[in-house]
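Presented below are the structures under discussion, each in the form of structure tokens.
What follows is chain A paired twice: with chain B in the first complex and chain C in the second.
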Partner chain A sequence: MDEWPDPAVDYMQAIVDTKLILGHRYGQWALAGPSLEDDIGGASASQEEIGHVRQLASRLQAQGRDLEWIHGDRDATEFANAACLDSIDGEWPTYMASTAPADRAAWYLLDAIAIEDLQGMLTKMGEDEYFHLEYHDARLETLAESAPDTIQAALETTLPQALSFIGPATYDEETDPVFTSGFTDRSVAEIREAFIAHYTDLFEGTAVSLDGVDFDAPDPDTWDEARRRVGGGSISEADLRQLRGTENKLFEIN
Partner chain B sequence: MSTSHADTGAADTDTRATDSEFIQRRRTEATALESELWDVLDEIPDPHIPVSLVEMAMIYDVTERDGQVTVEMSYPCMGCPAYGFIENDIKSGLRVVDGVAAVDIDVVWDPVWTKDMLTSDVREKMRNSGISL
Partner chain C sequence: MKYEVFARINQGDETLHIGNVTADSDRLARMYARNTFDEEDWDYLAVVRREHILEVKAETPGVI
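After this line comes the complex of A and B, so read on.
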């Protein structure tokens, strides 16, 4: 498939934006972890996400997207990142409950891509993501013991946001335009089921209850297909300046 | 062992203990100029590890047509912080070779780089430098 259909380009753009902001958040929190291992893990994950963005952005460029636009030369409201990454207000447990669902959702969307000439690249990304997701799950399990109320409250916000990033439950094999175009090998509905089942199993038997999570989100009538979210919102102007390196440019030696 | 490819214009290519089978197959098909380019690349060190880019099996192929060189390569780590440095080293190293007009780098992920691409001799060099695999 040399020329991707428009919904597939938007699908990949949302993955790239999520990875770009994930890399940014990991970097921002890489010195804030409760242990040196957490900090090293965060720095490593940041580096890998930015590496993934570098490769995926070149594929989007081949589909007509401008590389500088992809890397941040645009308004904040043009980013299609998972909404749970827009801002992280809280401490380390909130950060974990925000980044983990976004990272897992982004991987599930990538893993569903069926385009043959992307498979080697996706395999390589999967090698990195295996460690991200294992680390997140292990950390969420320990935090479910030490900070269950914070984790539960955060997940009630972030899991529906991650589900909105994946897409509406009504996008099944008949109606999901990315699946019906042949770009993916499973529908949004199937990806959602795997995502929900994973977190249901992960927290089963812990002090964290997911009874308050809206697993039906998003409302398909208000869902923004391009930004893969509902209700607007965006990263901040400060985030944008950091992504663009605006302040760093002040130190450039000409 | 040396294999002559005089009839096809390909270079004499020694089988090197530090080249993986995958790399050896690619180098065997090289022309004389391409073989020279492989040798230049074999002098460029990996920035993190005391072996060359060729020994690291990061260089998948080198082709030259009318002075236009294309280096097909991959990376062990997709988030390699030295990504740009390595590409600069390759371009600056090859551009000065007689017969080279321009150098393109094509980063590929098929086959996916794995540690299995490292020969036992390269592994030994790395172990001697304190790097475990």
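After this line comes the complex of A and C, so read on.
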């Protein structure tokens, strides 16, 4: 598939934007963790996510997207990142309950891509992602014991946002335009089922209840296909300046 | 809990003690070890709970 259909380009753009903001958030929190090991893990994950962005951005460029635009030369409302990464208002447990669902959702979308010439790159990314997701789950398990109320409250917001990033439940094998185009080998509905089952299993038997999570989100009638979310919202202008390196350009040596 | 970390670079090499990590679970200890000792492309990396290490040393024989 040399030329991707428009919904597939938007699908990949949302993955790239989510990885870009994930890398940014991991970097921002890399010195704020409760242990040196958590900090090192955050710094490592940040580098890997930005590495993935560089690889995937070149594929988007080949589909006609401008590289500078991808790297941040655009309005905040043009980013299609998972909404749970827009801002993280809270402490470490909230950060974990915000980044973990976004990272897992982005990997599930990436893993579903069926384009043959991307498979080698996706396999390598999967090796990195295994450690991201395993770390998140291990950390969420311990936080489910030490801070269950905070984790539960955060997940009631972030899991529906991650599900909105994956897509609406009505996108099945007959209606999901990315699947029907052959770009992915499983529909949004199937990806959602795997995502929901994972978190249901992870918190089963813990003090964290997911009964208050809206697992039906998003409403397909108000879902924004390009930004993979509902209700607007975006990263902040301060985030955007950091992504662009605006202030650091003052120190650029010509 | 404290965990001791062991690794080897190549298959057939000796497995060496390379450090330790502190973690709240075995699962988390594995991830901490991977993140913290990421400077090599290890052939083998393992963690052992410090309390599970059995020291071998001479002790006073019991008497009947």
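Everything that follows uses one rule, which is that the second predicted complex is superposed on the first by the 254 of 254 C-alpha atoms of A that agree within 3 Å, B and C clash if a C-alpha of one lies under 4 Å from a C-alpha of the other, contacts with A are read in each partner's own complex, and residues count from 1 in each chain.
To be clear about the criterion, a contact is a pair of C-beta atoms (placed from the backbone, for glycine too) under 8 Å apart; a residue touches a chain by one contact, two chains touch by 3 or more.
This is a predicted model, so every value here is computed, not measured.
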Touching partner for A:Ser35 - first (chain B), second (chain C), both, neither: second
Partner chain(s) touched by A:Gln55 [first = chain B, second = chain C, both, neither]: first
Partner chain(s) touched by A:Ala138 [first = chain B, second = chain C, both, neither]: second
Chain A-facing residues of chain C, complex: 21-25, 27-28, 30-32, 34-36, 38
In the complex, chain A residues that touch chain C: 35-37, 40-41, 44, 131, 134-135, 137-139, 141-142
Chain A residues touching chain B - in the complex, by the definition given at the top: 47-52, 54-55, 117, 119-121, 123-125, 127-128
Contact set on chain B toward chain A in their complex: 77-81, 83, 107-113
